[in-house]
Every structure is written in structure tokens, then in C-alpha cells.
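In the two complexes that follow, chain A is the common piece, with chain B as its partner first and chain C second.
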Partner chain A sequence: MNWDLIIFYYLAIVMIFSSVFAIFSRHPVYTVLLVLVMIIHQAFLLLTLGAEFLTVVQIIVYAGAILVLFLFVVYLINLRKETKKSVFIRTVSLIGIVFLLLGGLLIKNLLILLSLKPSFKAYLPFTIEEKSNVWWIANYLFKNYLLQFEIIGVVLLVAILGAVFLIRKVKIVEQK
Partner chain B sequence: MGDLIDKLIFLGIAAGSLLVIALLHVAYLTYAERKIIGRMQQRLGPNRVGPRGLLQPIADMVKLLTKEDLVPYGVDKPVFYIAPFISLVCAGTGVALIPIWKKFVLSNINVGILFILALSSLSAYGVILSGWASNSRYALLGGLRASAQVISYEIAMSLALLSVVLMAGSLNLMDIVKAQINSPYKIYLIPQIIAFYVFIISAIAECNRVPFDLPEAETELVAGYFVEYSAMRFAIFYLAEYFGMVVMSALAVTCFLGGWIGPFEIPYIPFFWFLIKLYIILFIYIWVRATLPRYRYDQLMGLGWKVLIPVAIINLFLTAVLKLIF
Partner chain C sequence: MPTLEYYIILSIILFLIGLFGFLSRRNLIVILISIEIMLNGLIILFAAISYFTKDISGYIIVFFIIAMAAAEAAIGLSLVVLIYKRLRTVYSDEITNFKG
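Now for the complex of A and B:
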């Protein structure tokens, strides 16, 4: 038995189940925690491909920053009553239709995947071992995609400025 | 197959011995803290259990292990149970990445410094979840404060470490130490003194220590996020805090003080200088605790966002410019 395969299937199964349970969980904090489990497993999936830098960035950015903010918001809203409500029967039919559509897509994709020859080696255009992972990413990012990188930076700056503008203290000056 | 098992056995032994040594350090750090603070406040400190009170940490451990494990009414049980372990694992794993000697580092990965930062950002979960799951006002407030504090000071800490990374040209902790030894000053403390200050201050805040111990301020919040925990679960939070101190001090030694390098070689103890530097940084932690009063919450946030982060950014910029020139 191949160790890589065992690790891959473990990560894949945990990722699928934690995402499904995250959708079905009625408890917002549990949902955030299940998404956390999913993200950490996804990070380790990247590690099996030899992308250690992406692994760590995934954990720092998604688990360490974004999900903590989600948890922060969920934390401040008391939803203990909401979680005890019974299932909304009317929405079940709608959910059923969505699931049928999604399930159809999933089966179609699975059929396509099965018809292909399985190869679990990632396609690497160069040997990663020569230089470190970080070097390759920096090389691609700052040589080929510099303009896009800068544009994203400016967009994020605008978003930050917008947030600061929204939370500023408003001094109401009474007009006489 | 045989190779793999041999490798696993070797790794297991190395990891086990490292863990035991780290745990002993953590246990005697609590003793050293009580003793030093006692001296600074003109008391004796623990002196009843064993000669000079040396067995005090072991007595404490036995006491905490044999106490009743209380779970209050109305807590969210799974999260309540799992939260201390998240804290402990995230704080303790960092020890594996620290290069103690040029031939001993348990896991020499290329992004070691980022991995420690990732672990410290994950350790916020233990605090937030324990605060939420306890179903108590004090714990909730403590958890809120802790999450805001950890997120804020993490930025300053990462920026301070980034200037070290920029000087060394690597994210690998081993390579950072080697780059320091090859640099003209032998240690990065001299060219990166500003980054060192920023790092030490934010490391104290990251570990929730005095003067930034607002998440667990006894006088306002009883004990903060772990107020509802008792016996061993409480001890695990305690362990996590001290483990965090040890890892942060070891990171400071690795990134700023030159790791295992010393003025002269000590025969048979290659990690002598590493330990000496580690103890000096830990002493600074305790010294600060005995000397300074607690900050107010707005002062804490102001210091983090308005002083440390701009200083760290300017330092990073200067480092980059100087590196371009020379």
C-alpha cells in the first residue's frame, strides 16, 4: 500500500465530511470549527504536493486571520435560541432541487474523472528541489504577475480605507 | 519499509526526549518565577517542599492531577473539553522547530519561522473557544480581549521577524542562525535592535503576560478566559502559557542572539550558550512581570497599532534599503 495514497484519501475524506457537516450544522460556532478542520486538512494536502510555503500561508491567512474574525462575530451574537428551532419544512423542497442539480454535476465530473487515467503525481513544470518553494513563488509572482499583484494591493488598500471611513467617529455639528 | 520504521523510532525518541526536557524547563520556570519575584518583593518564595523548595513544581503537579475535575452547568461540553488542548498543542509544537545546536533540530523545514507564526495564530482559538464555551461573563470578556490582543500584536511580531528574514535571506531557522554567524557582528541584536525591542514587547503580549495580561486580569476578570476550568484542565492552560514563553524566548535567541554561537566553545555541552541566552530572555520576562503595572486596554491597543506596527514597518523599510545599498 502506498503511503501517499493513504494520506491523500484520509485528507480528502475528512475535508469532504467536515465541509458537509459545516453546511448542515445549525450551530454557527461549530460551523466555524468544522471549516477550520477543513482548512487545516487542505493545507496539509498542499504539503503532500511539496508546497510548504502555501501550506503555512493557508494556515496563517485563512485559519489565523479570516476564521478568527468569523468566530469573533459569531461569538458576539447570542444564537443559542436559534439553534434549537425545528427544521424549516418549506425550504426542504428548495434544498432538494439545489442538491439534485449539484449532485448531477458531481456525478458528471466523477464520470469524467473515472474515464481519465489516474495519476496522483502533481504536474510540476520544474524540479522544486533545486530552489526553495518560496523562491519559485516569488519568482513567478514578481516577474510574470507583477502588475496584477500591484493591482490587488491597491484594491486591498481601498478596502481598508473604506472600512476606516465607515467606523470613523462622526462629529455632528448642530447648525444654528 | 524498514527504513521508515527506523526513522519513525528515531524521531519518536528524539521528540520524546525534547518534550521531557521542555516540560522540565516549563515546570522549573514556574519555580524560578515564584522565587525571583519573591526576591524582588523581599519575600522568600517557595521554600518548604524539598531543599530550598526545589520540589515545589512536582508537588503542584501532583496536587492538580488529583483534584476533582469540575465541569460547570451550561457549558458547551465538546468545545469546553477541547479548548485547553488546542492551546497546549499550538504552544508546544514550536519547540520542535527551534535549532538548538548546529546538528540538532527536530524538524528542519524551509518555512520554520512562518510555521511558528502560524502556530501562534492558531493558539488564539484555544483562548477564544474556552471563553465562549464556559458560558460565563468573565470568561467571555477575557476571550474577547485575548483574541483582539493576539491578532493585533501578531502583526507587529511578524513585521519585526520579517526584517530578520530579509537580512538572513531565508525563512529556515537553521539558515538564519548560520547567516548570523557569518555576519560581521555575529548576532543580529546589534543591527536589528529596533526589531528586537518590538519582538520582545509583542512576544510578552502574545503570551498574555504582565504588563499585557488583560485577558486574565485577576483584579477585573477573576481569571479571564479560564475562570471556569479546574484541576488538570486549568493546569493545561498554565502549561500552554509557559510553553509559549519558552518558545518565544527560544525564537528570540534564534533570530536575534545567534542561537548556539558563543564567545568560546564549551566542551561536551554544545548547546550551553543557547541555554544561557534562553535563561536571560526568560529572566527578562519575569523581571518585567515583577516591575511593571498592568496597561489599560486602550493603552494596550494604542501601543500595538500606533507605536509598534509603524516602528516595525519603518525598520523593515530601512533594512530593505540598507540591504539594497550594501
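Now for the complex of A and C:
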């Protein structure tokens, strides 16, 4: 048992349990905060995978922008007290049984499939030529993936325009 | 050192947790957060495969996934706010306008 495995087990267990509690919690504020815990642990898992740039992007974009946006919407919508009713829809037990079977089957088949081949060795490719991870990502992103990079810029612009268009002042239709 | 199987199993577990929440919760905001959990499972999968096969393209795809998640959260949350303004509810089983 070395330190890499201990760190991986700690990060994995915290991520799984915080996401399970996030799904099962009753109030959406607790859900958002538990997902925040999961995302910070996942950022450190990306750090163990040799991606420092993605760690910083994960913390800034996910924890700093997306989850704060979720938290603002949760505060904006004043939810009624729903302590009596269940948080799930009615067919939740059926969905749960199907998902337990599906997950067990998927992991079992995947382990059989991976045991046929020699397992991949961990290898740090980005420190060989004395270049950092950020240098490699920038080199690939602006040479090989430039069109996709600009397309994702257009997608973000369309998302901004769509959000502004949807939230504009509308005449609320009274329905009896 | 944890091998690739550990990361793949972790990503599958996170993806299934997110898919379960997406299919079974009533609150629309929690449904959108479940999509984020599923995307995080995919991020772990791409980053782990990129690390173990020494190919940089997985990291680039993770970068694009994070940007796409930001756009998806903005559009989804604006739709939730619009549904709340129209119908005064965010619970998916109370939105019954299409029931004829």
C-alpha cells in the first residue's frame, strides 16, 4: 500500500459518497454544496493524473462559475416546503433495481475485458522534454484543435444570447 | 500506483449515480446537477485514458467538456427560471400541460 493508492482511495470514496448524498438530499442547497465538495476532490484527482492546467480550470469554471450559478438560481426560486412528499418520482424503486443490475453487469464485464490485456502502465509523458503540461496543452490546442476551439467560442456566445433571450420580460399568462 | 481499471470503475460509478438522479428526481435543478455529475465521470475517463496512453488529446477534450458544461448550465438554468415564471413550480411531475 503506497501513498498513491491511499490518495486515490480517499478521493474516490469522498467523491462517490458526496455525489450519492447529493442525489438523496432533500434540499437543493445541500445538493449544490455536496457537488461542490465532489468537484474539488475531482480537481485533485486530475492533479494526480498529471493535468495541472485542468485542475485550475476545473476549480475556476466549475466551482467558481457553474455551481455559483446553480446556487443563485436555488436562492432565486423560493421553494415551498416539501417535507411531506418524497424527493423522487413514483417509479424510483424500479429505476434503482435496474441501475444496480446495470452497474454490476457493466463493471463485471469491464473487468473481464481488461483482464485479457496487460494493464496500462502509468507514464508521465509531459516531463520528458522539460516542458510543462500547460505548454503541451497550448501547443496541441492552438495547432491541431484550433477550429474546435473557435467553435466552442461560438457555442458559448450562443448560450449567452439564448439565456438573455429566454429570461427577458414576458407577459405571464394567467391560467385558471 | 492505481492502474487504469480503478479510474474507469470510478467514472462508471459516478456516471451511473448521475444517471440515476437524472431519471428519478422530481426537482428540475437537481436534475441539471445530475447532468453535471455525469459529465464529471466523463472527465475522469478522458483524463485517465489520456494519462495512461500518453496522448494529449484527452486533456483537450476535457477542456471542451468543461466549456460545454458551462453553456449547458446557462441554458438549462434559464429554462428552469422560465418554467418557474410561467408555472410557479420546479417539480417535474407537476408540469402537466401536455397531458391533453
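In the analysis below, the second predicted complex is superposed on the first by the 121 of 176 C-alpha atoms of A that agree within 3 Å, B and C clash if a C-alpha of one lies under 4 Å from a C-alpha of the other, contacts with A are read in each partner's own complex, and residues count from 1 in each chain.
By definition in this document, a contact is a pair of C-beta atoms (placed from the backbone, for glycine too) under 8 Å apart; a residue touches a chain by one contact, two chains touch by 3 or more.
All values reported here derive from a predicted model rather than from experimental measurement.
Looking at the shared chain after the overlay, A:65 reaches both chain B and chain C. Considering which of chain B and chain C touches more of chain A, the answer is C. In the superposition on chain A, A:56 contacts chain B only, with no contact to chain C.
In the superposition on chain A, contact of A:75 is made with chain B only, not with chain C.
Common to the chain B and chain C contact sets on chain A are residues 53, 57, 65, 76, 133. Listed in rising order, the residues of chain B touching chain A in the complex are 4, 76, 79, 109-111, 114-115, 117-118, 121-122, 124-125, 128-129, 131-132, 140, 143-144, 147, 151, 154, 170-172. For chain C in complex with chain A, the residues that touch the partner chain are 1-10, 12-14, 16-21, 23-27, 29-30, 32-34, 36-37, 40, 43-44, 47-48, 50-54, 56-57, 59-60, 62-64, 66-75, 77-82, 84-86, 90-93. Chain contact summary for the complex, chain A toward chain C: residues 2, 4-5, 8, 12, 15-16, 19-20, 22-23, 28, 31-32, 35, 38-39, 42, 45-46, 49-51, 53-54, 57-58, 61-62, 65-66, 69-70, 73-74, 76-77, 79, 82, 85-92, 95-96, 99, 102-103, 106-107, 110-111, 114, 119-123, 125-126, 133, 136-137, 140-141, 145, 148, 152, 155-156, 158-160, 162-163, 166-167, 170, 172-173.
On the chain A side of its complex with chain B, the touching residues are 3, 29, 33, 36, 52-53, 55-57, 59-60, 63-65, 68, 71-72, 75-76, 132-134.
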